[in-house]
Amino acid sequence: MDLIWLIPVLPGIGAALNGLVGVRYFDKRTAAYVACGTMAASLLLSLVAFAQLLGLPGDERFHQVTVAEWIPPIPLETAGGIGSFEVPWAFTLDPLSGMMILVVTGIGLLIHVYSVAYMDHEPRPAYARFFCYLNLFCFFMLLLVLGSTFLVMFVGWEGVGLCSYLLIGFWYHKQSASDAGKKAFIVNRIGDWGFILGIFLVFFTFGTLDFHAVAELAAEMPVEAAGMGVLSLICLLLFVGAIGKSAQIPLYVWLPDAMEGPTPVSALIHAATMVTAGVYMVGRNAVLFSHAPMVMEIVAIIGLATAIMAATIGLVQTDIKRVLAYSTVSQLGYMFLATGVGAFAAGAFHLMTHAFFKALLFLGSGSVIHAMNEEQDMRRMGGLKQYMPVTYATMGIGALAIAGVPLLSGFFSKDEILYRTFLHNRLFWMLAVVAAGMTAFYMFRLIFMTFYQEYRGPAWEGGHGDHGEHHEDDGGDHAWHGPHESPRLMTVPLIVLAVGAVLAGYVGVPAALGGSNAIEHFLEPSFVAHAGEGAHGEAAHLSHLAELGLMAISVLIAGLGIFLAYRNYIQRPETADEWAERYAGPHRVLTNKYYVDELYDATFVRGTMVGARGLWGFDGGVVDGAVNGTGWTTVASSRISHVLDKHVVDGLVNLVGWVCQEGSYGFRRVQTGLIQNYAFATLVGVFAFVTWFLVGR
Amino acid sequence: MTIEAPRRVGQAFDTDELVLNMGPQHPSTHGVLRVVLRLDGERVVDADCVIGYIHRGVEKLCENRDWTQIILLTDRMDYVAAATSNLGYVETVEKLMQVEVPRRARYIRTILAELQRIASHCLWLGTHAMDIGAMTVLLYAFREREHVLDLFEEYCGARLTYNSMRIGGLPLDIPTGWDKKVSAFCDLMEPKLDEYEELLTNNRIWVGRTRDIGVISGEEATALGLCGPPLRGSGVSRDVRKDEPNAAYEEFDFDIPLGTRGDTYDRYLIRLEEFKQSIRIIRQALEGMPEGPVMGKVPRLIKPPAGETYHAIESPKGELGYFIVSDGRSTNPYRFRVRPPSFCNLQGLRRLVRGHLVADVVALIGTIDIVLGEVDR
Amino acid sequence: MLETFIIPLLQIAVLLNAVLVAVTFMVLMERKVMAWAQARLGPMRVGPHGILQAIVDPIKLILKEDITPVAADKWVFTVAPIMSLVPALVVFSVVPFGPDPLYYVADINVGLLFIVAVTSIGVYGIILGGWSSNSKYPLLASLRASAQLISYEIAVTMTLVSVILTSGTLSLVGIVEAQREAGVWFGFIQPVAFVLVFIGGLAETNRVPFDLPEAETELTGGFHTEYSGMRFALFFLAEYANIIVISAIVAIMFLGGWMRPFPNVEALAFLDLIPPWIWLIGKIFLFLYVFIWIRATLPRYRYDQLMRLGWKVLIPIAIGNLVITGIVKVLV
Amino acid sequence: MLEAAVFYTLAVLILGLGILVISARSAVHSVLFLVVNFLLVAILYVTLSAQFVAVIQVLVYAGGIVVLYLFVVMLVSLKRAPEQHADTRRLGVTGAVLAGAVLLEVIGIVVSGAARSDAPAGARGAGVPEAISDPMLNTEQIGWVLYTEYLIPFEVASMLLLVAMIGAIVLAKKNL
Amino acid sequence: MLEITPLHYTALSAALFIIGVIGVLVRRNIIIIFMSIELILNAVNINLVALSSQLQNLVGQVFVVFVIAVAAAEAAVGLGIIIAFYRNKETVNIDEMSLMRW
């Protein structure tokens, strides 16, 4: 377990290899091997670490490793006097991070493998670059997850933001992709602003940044039941960060645009891992949050609002990936709802199951897009069931799971959330159920529009009816031979994920269904300050029967959603358009995503630009004026200096030169260049000397 | 004391180029070749071969002699290998007339040609070694050449210009016991070859003088039109005896030695190996010598049908080809043209000597094995 | 008067005649030995087995017309062969043919240096002969010859120094006596020097395999191409006299000079019945034979190879030999 | 008597050849005269019983340095004689006259010095440690002095020769 | 007069020296000027050897060795320069070697 620091470092090495060497020298296979190999090694390490963690007794499942010193101790002022600001490179393995590293490395590896085939059309350097980014992302994500202080987590946090930007804008030659990348980055900055302020405040309040220490200190403080105390402020600021990263209202706008990136990226970053970082962060600080009930309420409300809003938008989207994107936003809302109502474990549970089925759905959609030759509009698909049975089957499982059909993973986690919500607030529960129904509807709308009905896509070479075996990848000429099943490298991850989507829920079968809700007990230690503390003793309980009743309701609602989708898109496909006409107003609003983007554009973007213009004017008028005045003064003084220099100093120098020149006119007559004349001069000297000697005797 | 010095103006610290005439009266230009060398110090910058000092107009003469008389003139081209010159000519005319040559005649011709190859190579080896300063080898090689000349004398009465073949066969059958003597000569020759090798092959000075001197690649050699040992020395497997068998060569086993580096030493080794191969061919021919006439059915007045033909044989120097046009009416050829191997190989000299020292020029003239009688004709 | 003039003059007269006769017979010997090596007979016509050829050749050369090219520098053209021959003969004045003063003209304390110095004068004959002919081939050959001579002189002189170190004297008589005292010929103490001096001697006398300046096949005869008659004969004499000088030096320095083999083994005392000068001449002829033998066997070096051998092989070996000799001398 | 005859003969020859050296029309002839001059000087050294120096004179001067001159003279083949171009400002003849005057003066000094009674003809210099005894040991003695007292100058001289060698190669080589 | 004193040698040396000086001043072929310098050096050497003999002191002869070494070095470098100069200007006339003038 002391080697957990290797878990993030391995993908980091892969990224360095691919990025520094691979882009120039590796062929595609090597790049893929390097990336997948490091990920696989990382997964292996994670499994070993996790197994060791399980081997410990429940109370002691906490392991911290300090690898190196990062920021040496600096004395800084805090609320409690002068504190020592010290940040080591420390990693923590506890049940929550243990689960997260499994999710990140496991799904990460599957997506790596998937990408090997999916990105095969890319030219060689871009291929290595892609894997470099992907590995880099995993490195930062694991850093985020394993970091045992706020600052290490923040490094990972910013790192995944960077990778997100790089990967969304991977096809940077496409204007929309690079715009989406920038948008994601900038919107995230708003959240990060809140996060880092929160970190400042945490240090100021507690004098340390270590999660564990903070939790222990916070547990000592009174619960701020009414009004906003310092804890509430911290939580609110941290939550702002979570909003940005996890795409909640009002900062969710970047996520749907992020679908411009390659599909594996969408699956990995924007469904399974990065966007859940907010949820994870809130869960990591569960103790803090549970001391600020008012903020909890805000969290729950924002989560719920996001869930519903995103679900409604999802109802009318036609881009397959955007549907999934809004679905993601909606599900993230669920998770926040769960944390908001105090069910941290349920939120984390849903996080895990969601990672499986949403990754599955994204990869499935990627497979579909691949098959349809980069076509993303569902209206131009249809009837793909016969062409790509594996994709169909796996995506179907994913849809069932997300819709909350019993015995699949989504059912368990979602019902846990709904159950806890019900305990907390009935109104929230009702809205959540409605959102669940909508989830079921739009998911099956997606399935039906994609895989059933008539084929509506473009014709292909070799005839329409020829639904033959077009499995082989058709090289560079991109002659499209119609929709076809994806290569094995892509379908195998799909199948694995489908199995996961089915089974992942069984770690948290609720007591009402005869389970033991193992995951909740497993995760519990992570959400309390001291192991063994009965944190949720006060929570009300319903009878098993009532719980079953709630389940039945949610199942019914889901069934209704599925049925509506069936009726609208299979039985009577025209109904969809009829409804759209009948409710033209709401439909338009939904299609335009509540005009949120336009609103932001009008307020924030314009506002910023107007402000910037004002500052520009100030800069030009006042600041530059001062600078120019100084310059003018300098020029004037140098003119005076110039006159002095030219006539006084140069005059002296020239005088010396003139004297030398005039003198040399005379002397150079002597230098004839004839060696013998010089010898003659010597001889004259000798003659004089000898004569003097002779006479002198 | 002046050395005419074409001076390149403006080039500082430059030694002058020197123009040196080698030949036509020079001991190692193998006759009357004149090589005009441009030297930078002792290094050859460029060389021009001036030929024609013994041009006798052999080709023109041939067009004015009747077909049989021409054999005599072919003797005077490559005068150290007259028998192969004869062979090439008579086979060309036979090809033109489509005359069947008796098998025995073809066997004897092969023996004569190979004996001739041994004699010619002996001369080459002696002079080549002499040029490089090993004078004993010359006398040894001439000692063996003398034996070959004795054999020729016994066969046709001449020692240098044999006139030893006729169109359609041979003028004479071999004398009684001649084949025994040839066989004895083969037995004698083999140990002598070892003697030459002992003096030269592993001699450091010899290797130093020939290794990596005049290196020419196979492509370049082909492009220059080199033939015979100079071409094979560069690793190009081209031997008319194998590629387009004439006389009785297709009936014998022999190897074509090939060089690897294409330098003078390789060419030396190849010729030494050719000695052995020639002995091998002669032995096979003696063993399988068929009985029968030595002259085919040829009309008394030779008058080939109108037409033209080209026929090449492998002379000791390389590919010796004859191009003959007959108008079908007169008793002399309408056009007579020789592709002499010496002439073609001489083209390579300029390329070979460039960049080498003056002393190497001598070695390189030796290695291409030219006979000026054949070059100038 | 007798000791200062008469005896030395007589000695000089005998020596000069002996050397000149030896040269003529060496030419005959060369022709015969070469012939035997090359499976032929050599001169057979004059006298039994051509022995009198040695007398006929000089007569022929003297009687031949002596041509001076028009463009030649006549004065230098005449002086050059003399400048070539005189040093070669002068050297013999310090060659001791026996232990007592009767056998040598002079025994000077710088004997070996004297030999080296005087032979180095011989190069003038070659250079001036080539230059004064006013012809390209002789000029090239003379430049080559002098460059070769000077190059190899360095190696030979350096090697001789190591012998001087061993003997402790420059006097040739002293060197022979030193070998008697050492009880062994220096050829066994200094085998490397022995071989080196012999090879250097081959090169200095322009013999095969270093006979580039006279390479007929390359330079059509060398620096004396334009010479004929007696002037040519003088060059010829000088060359062969030089060969004899080198042989004599090698014999004296490495093979014990006039001494019999194993000079300190009493059992072989009967060998002393043979006079010492015969021993030396015998050894000289042994080397002459080897010179001829090599000529019959080896090809010729190329000019650059020859220079490389001289500068990059012989001189380093000579220096190494000198250093090792010095070290041994200090240690022993 | 004999000594005087030898000296005067040698002196006349040396001076005569010296004049020939500087007056010969052809440079090659000049070199030849120079060689003979040096050989005669070597003989002069022998009469002064300096055999080693005499041999060195022959070996290095006559056999080495002058050969170098000869090479250069041969390499520098002139199309026009140097005398064709003469600078009018040169003072050659005046210099020769002046040199003659200096010679007369020096001879005067010598003769007057000889005339003086206190001239130490044949006397030994004061405080001279090394004596020349046996001419046979001349070489050994010079070697002894050279390698003990004058070791450092000797090494400096050898270094000078090395530098000169490299310099000459650099100057004369066409392309390094 | 018949007794040869060191002064005779000195006079001979002086005469040879002056011959060399005249050669340097009069000749225009730089090679001959070099040879004149060699004559001058020889004059010095004669003096040194004569005095060494007279004073029974070997230092004079040792100095001759050094003079010869210097002469050899001078000849090597000087002639190298001449060769280089000749290659460029094709002359050895000292009057034309006035590149350093003005």
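By letter and in written order, the chains are A, B, C, D and E; residue numbering begins at 1 in each of them.
Everything that follows uses one rule, which is that a residue touches a chain if its C-beta (ideal position, glycine included) is under 8 Å from a C-beta of that chain, and two chains touch if they have at least 3 such contacts.
Treat the numbers as computed from the prediction; the structure is a model and nothing was measured.
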Joint neighbours of chain E and chain A, given as chain labels: D
Innermost chain, taking as reference the mean of every protein Cα atom displayed: B
Chains linked by the largest number of contacting C-beta pairs: D-E
Length of the line joining the C-alpha centres of chain B and chain D, rounded to whole Å: 63
Centroid spacing, where centroids are CA-atom means, of chain A and chain C in whole angstrom: 95
Approximate Å spacing (C-alpha centroids) for the pair chain C, chain D: 30
Euclidean distance of C-alpha centroids - chain B vs chain C, Å: 43
Shared interface positions of chain D, touching two or more other chains: 52, 56, 64, 71, 74, 79, 87, 90-92, 95, 99, 102, 106
Contacts with two or more other chains, residues of chain E listed in rising order: 21, 25, 84, 90, 94-95, 98
Contacts with 2+ other chains: residues of chain B: 1, 3, 13-15
Of all residues in chain D, those that touch chain A in their complex: 87, 89-92, 94-95, 98-99, 101-102, 105-106, 108-109, 112
Chain E-facing residues of chain A, complex: 668, 671-676, 679-680, 683
Contacting residues of chain D [partner chain C, same complex]: 26, 28-29, 32, 35, 39, 51-52, 55-56, 58-59, 62-64, 67, 70-71, 74, 135-139
Chain D-touching residues of chain E, taken from the complex the two chains share: 1-12, 14-16, 18-23, 25-32, 34-36, 38-39, 42, 45-46, 49-50, 52-59, 61-62, 64-66, 68-77, 79-84, 86, 90-96, 98
Interfacial residue positions of chain C with respect to chain D in the complex: 73, 75-76, 79, 108-110, 113-114, 116-118, 120-121, 123-124, 127-128, 131, 139, 143, 146, 150, 170
